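A single structure is presented below for examination.
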Amino acid sequence: AAQKVTVALDWTVNTNHIGLFVARDKGFYDEAGLDVDILPYGDTGAGTLVANRIADFGIAGVGLFTQRAAGADLKAVYAVVQQETGRLVFNADRSEIKSPKDLDGLTYGGFGSAWENTLISTIIRHDGGKGSFETVTLGTSAYEALANGSVDFTLEVSTWEGVDAELKGIRQRGFRYADYGVPDEHTTVIASSDAYLQANPKAASAFVEATRRGYQFAVDHPQEAGDLLIASNKDALTDPALIHASLKMLVDGHFLRSQDGVIGTIDKAKVEAMGTYLFNAGILLDGDGKVLKERPDFGAYFTNEFLGA
Amino acid sequence: MLPAPSRVLLQAWENRAALAENTLPTIRATLAGFACSLVAAFVLSALVDFLAPLRRALFPLLIVSQTLPLVAIAPLIVLWFGFGLMPKILLVALVTFFPMMVALVEGYAATSKEISQMLAAMGAGRWRIFWLARLPSALPYFFAGLRISITYAVVGAIFAEYAGAAKGLGIYMLNAKNNFRPDLVLAAVAVSAALTLALFGLAVLIQRLAMPWENAGSESRGGKPSGESR
Amino acid sequence: MLPAPSRVLLQAWENRAALAENTLPTIRATLAGFACSLVAAFVLSALVDFLAPLRRALFPLLIVSQTLPLVAIAPLIVLWFGFGLMPKILLVALVTFFPMMVALVEGYAATSKEISQMLAAMGAGRWRIFWLARLPSALPYFFAGLRISITYAVVGAIFAEYAGAAKGLGIYMLNAKNNFRPDLVLAAVAVSAALTLALFGLAVLIQRLAMPWENAGSESRGGKPSGESR
Amino acid sequence: MTRLELRDISKSFGALEVLAGISLHVAAGEFVSILGPSGAGKSTLFQLLTGALKGEGDMRFDGAPLDDHGRHFAFMPQRDALMPWRRVIDNVTLGLEVQGMPRRAAREQVAPLFAEFGLAGFERAWPAELSGGMRQRAALLRTVVQQRDMLLLDEPFGALDALTRAAMQRWLEGTWQRHRWTALLITHDVREAVYLSDRIYLLSSRPARIVSEIAVPLPRPRTTGSDAARQAAVLEAEILDTLLDTGADQASFPQTVQRSFS
Amino acid sequence: MTRLELRDISKSFGALEVLAGISLHVAAGEFVSILGPSGAGKSTLFQLLTGALKGEGDMRFDGAPLDDHGRHFAFMPQRDALMPWRRVIDNVTLGLEVQGMPRRAAREQVAPLFAEFGLAGFERAWPAELSGGMRQRAALLRTVVQQRDMLLLDEPFGALDALTRAAMQRWLEGTWQRHRWTALLITHDVREAVYLSDRIYLLSSRPARIVSEIAVPLPRPRTTGSDAARQAAVLEAEILDTLLDTGADQASFPQTVQRSFS
């Protein structure tokens, strides 16, 4: 019988998740002997679900660093994107914001994670500002708040919210993290737990490889993959144009598969760089809330061993 | 900022299939959860009525159970009970239980002294007094509580879905919102409001049927024909 | 899955400064919001009591206001009113208003027919009858509603903070959760529970003081000395 | 001068005909009683007068149609209708307060009457702490202090023992005489009716009709003298006879009454 | 054989002394009345008997300490305590139901009595639809159908007119005789006490003491005969005298009672 595998999402269904749906609906998981259940996005974070063994896999981001430092059993096994897709955005009509230092004193609509402040401070200070701003925790409402002027800026996934804004003709501007001293990263990864990986190495390999086939297919056949994603999420995805435009950007921008043809593989250097950056910023805390004194071994935060050849 | 009502209606109609499909699980969770909390409220309130010490021990616990910010515990419930119907039923029960419980307990206490004395003199035990006098006395209170509860039932189910569900009005709203479709969010909100209104109407109807004496002898202005002041 | 209580307590103590700092805004929002909803419940219930047609018109609206899934509208309210105290007050008021309103309306209806007739015969106008008979008759109902409401006040404030705030217990919980500190989440939950328990205790105390007659002549087993069955 | 005049008053509850054309009048300063079997419709008549119920027929007060029911009557309901949430004194001052008298003045006005009503020391008690008879006296006190044009009393002495009842009746008669109140009294006690009234209406059983109107030409104050007592006894006997006769057409009810005992 | 025996019963509510050493007894099959001023403590005594209140002193039933208050008495409270949520018939069958009788059987048993109590046609009415006297009769009916060892009646006829009252009294006397019930009656009506009782206890005003115990040696059934009536009148006068004498030590209350009228 097929082995059951569950995977939790980090956000409502979007093009970052395309590989999962393609692999599922194209039968790649079936062929790998897996019965994959894609858990819906909800208030309970994917990291929490995975670390607590409610889900076997989950989509994660930078949070993985802070959570693992705090003792969560999380390990990245697949890089959904090869470069940073995140971006700091604000409305284009805010002409007074010329560079990041102008963000000092403004209001940020955030998602409630510790690394956000570090990241934004870095950007502002790198530009010569003080790095002090107001944070309002909004979660999924951040983008409405930005549109309606309640907050001055936020962070976005440029291949999703950015594309949407462009399609809708909402004029926005933004700063790329990498331009202001933040190391490049795999913004979105798939993570599992050491406990699961050790107990189910075969299934883990099967899942990660089949998932890679899914992303591979999406890169090769973006139109068909997009339609497939829409078809299996009729209720949620009501704007086909957004899906296809977003996919186009993910593919053409070499996010899903790098120019060198790398797909899914996690770049040790990027993990080390991001980890070191966060460690130096002093936001990696242990389970008791104490700042980590020893630089952790970030090599343990990820593995490529389930990717196969 | 908000889409026009006409647009909401139109979109609701166009997406009626999806809406219907997502309403069903919510209704199921609402009804099941509400049924549980109804039973629990009756059983627990009766228990507490019989055992005063239990009341003193249980009430703080119950209050605490209400003070747990749902936002904080909904994820926990998902962690414990997974993504099935169970956690939704639990959350709905948790949300709707308290108003009925409080109303019942207050209602029992409103029983006329004379009537319970008379029953005791008839040789009625505590259980009979409860059944014959305290429970009927608590009915108007109970229905006040029921009306409050029932407005929370649907909301509770939607909330539970936010914490994690495959289908349901909550999920539909969440998706619509993150896909920048406020019109569909509002359509789902309208459906949930309609559901609640229907449940509320049902509660009022049941009250009418359950308390026929409330309208007896009331052919007069002002007030009910309650035997006497209380 | 859950941290040990000892650990929660220890961490609560170690982070007491941060907890206190985040508790204050929540208390402020809770009290302000509750005060608003108290006033609104009295004014509106009285209005509705005087104008039966208004009742028929207003009640569905009020019910709908309760059916709006908070998860869906909290963000909207925050977007409209900003991140200050205002949206929190509004949300707390929205959450706590309905139980008191329903209880009051039900309570007015429970007024003894004989008493209102007698007052009318004394020449008392509707307003006086309301003030002298209907309001006191509604008091036990009101307090049942109040107890329900008050347990929701803190939760409402926390919820509002979840939807968007700079500081507060809700934000503290959210951050703790996202940063994988279930112990701190629970510490904040404990604080919120303590707050609610305190408010609840206060409500019980006020009820005792406000209804001294409820214990009069009750030197007997079972039931209160209410004038007569109702 | 006719103060209250009812013409052909009828009232039904659904299919139940209760009042079937009641006509009666009460002159200013007159004390009139209504005697009638239990369940006849006496309390219903008062509910019509106080506006709590609507019926058919013509009701006039001082010649004008009775519309502001609340201005003319001090009404004592059959069940005491004390407010459990007000102390006895505050229940007693209720009518005065409704009339706009400041609370303190109202209390001062009623305070001396507590002793006369046997309620001294219970001013600050709650109604739930009173005995049945004490409740009734408190309700009566609440009624009489209102100083309205007319008293409507629905069985004001039903829960009182012979002594207390006699004392209250005497107080009522005396005070009534002093103030020249107009009064309409519902009672089930023939003696009480004779002792207090200028005229008595006898009601049939349901549907209630007026079967007889009896004048009580006894001198006032009705204190002593065996002559008056003898006259009263004759009247009482007459009334009981009438009641017995009219009661007889009511088939379902046992009519055999010991004349010697009742 | 002594059925109920009370020895030196006392009861206070806080500082208010209500019962000050009441001793009385009721023999099996005996009808005993308690007469006393309003507010004396009569109803309080019944509350002690039914276990609703705790006091001091010794209470025995058939020689054994009275602990299961619910097994011995059929109790009619002073205020009717009808349940507003039960139809009249279901209020009446309440005691039988509590005793475990099936509802249908209970209804069949009580149904014939509705006519006798003047409540025919009101079986399915709600209590709120009854007149004051009808409520009282329903409460009495609920009490007597219980067929307990002993009846405790707290002013069962207070709201009834003379005729209805006489009929009910007659019914009670007749039925009591037939069943040889034991009965303890609280009343404020001297005639009623004399008509119904074998013995009468007179209570002083609060704090209540027993001031006199009066035997009523009239023949039963107490139907007719002017001889009996004369004897009864003598007894009544005697009782009123005693009441007047004892009432006199109660300073705050007007004691002047018209002997001719009360």
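Descriptive notes on the structure:
Should a chain be cited, it is by its letter among A, B, C, D and E, assigned in written order, with residues numbered from 1 in that chain.
Please note the rule applied: a residue touches a chain if its C-beta (ideal position, glycine included) is under 8 Å from a C-beta of that chain, and two chains touch if they have at least 3 such contacts.
These numbers were taken from a predicted model, which means no experiment stands behind them.
Path length between chain A and chain D in the touching-chain graph (shortest route): 2. Between the contact lists of chain B and chain D, the overlap consists of C, E. The rotation relating chain D to chain E, fitted on Cα atoms, amounts to 180°, rounded to the nearest 5. Per-chain CA centroids place chain C at a distance of 49 Å from chain E.
Per-chain Cα centroids separate chain A from chain E by 85 Å. Between the CA-based centres of chain D and chain E the separation comes to 25 Å, rounded to the whole angstrom. Averaged Cα coordinates give chain B a centre that lies 16 Å from the centre of chain C.
Of all residues in chain A, those touching 2 or more other chains are 45, 48, 52, 140-141, 144, 148, listed in ascending order. Residues of chain B in contact with two or more other chains: 1, 71, 75, 79, 112-115, 117, 120, 133, 162, 177, 217-218, 220-221, 225-230. Chain contacts: chain D has residues 13, 47, 51-52, 79, 81-84, 128-129 touching two or more partner chains. By the touch criterion given at the top, residues 47, 50-52, 68-71, 73-75, 77, 79, 81-86, 94-95, 97-99, 125-129, 146, 152 of chain D touch chain C in their complex.
Those residues of chain A that touch chain B in the complex are listed here as 11-14, 39-45, 48-49, 52, 54, 140-141, 143-144, 148, 164, 168, 233-239, 242.
Across the interface of their complex, chain C is touched by residues 1-2, 60, 63-64, 66-73, 75-76, 79-80, 98-99, 102-103, 106-107, 109-117, 120, 129, 133-134, 137, 140-141, 143-145, 147-148, 151-152, 154-155, 158-159, 162, 169-170, 173, 177, 185, 188-189, 192-193, 195-197, 200, 217-218, 220-230 of chain B.
By the touch criterion given at the top, residues 45, 47-48, 51-52, 63, 66-67, 70-72, 107, 109, 111-114, 134-141, 144-145, 148, 150, 285, 287-289 of chain A touch chain C in their complex. Those residues of chain E that touch chain D in the shared complex are 13, 35-44, 78-79, 115-116, 118, 120, 129-134, 136-137, 154-155, 158-167, 169-171, 188-191, 195, 222-226, 228-229, 232, 240, 243-244, 247, 252-258, 260-262.
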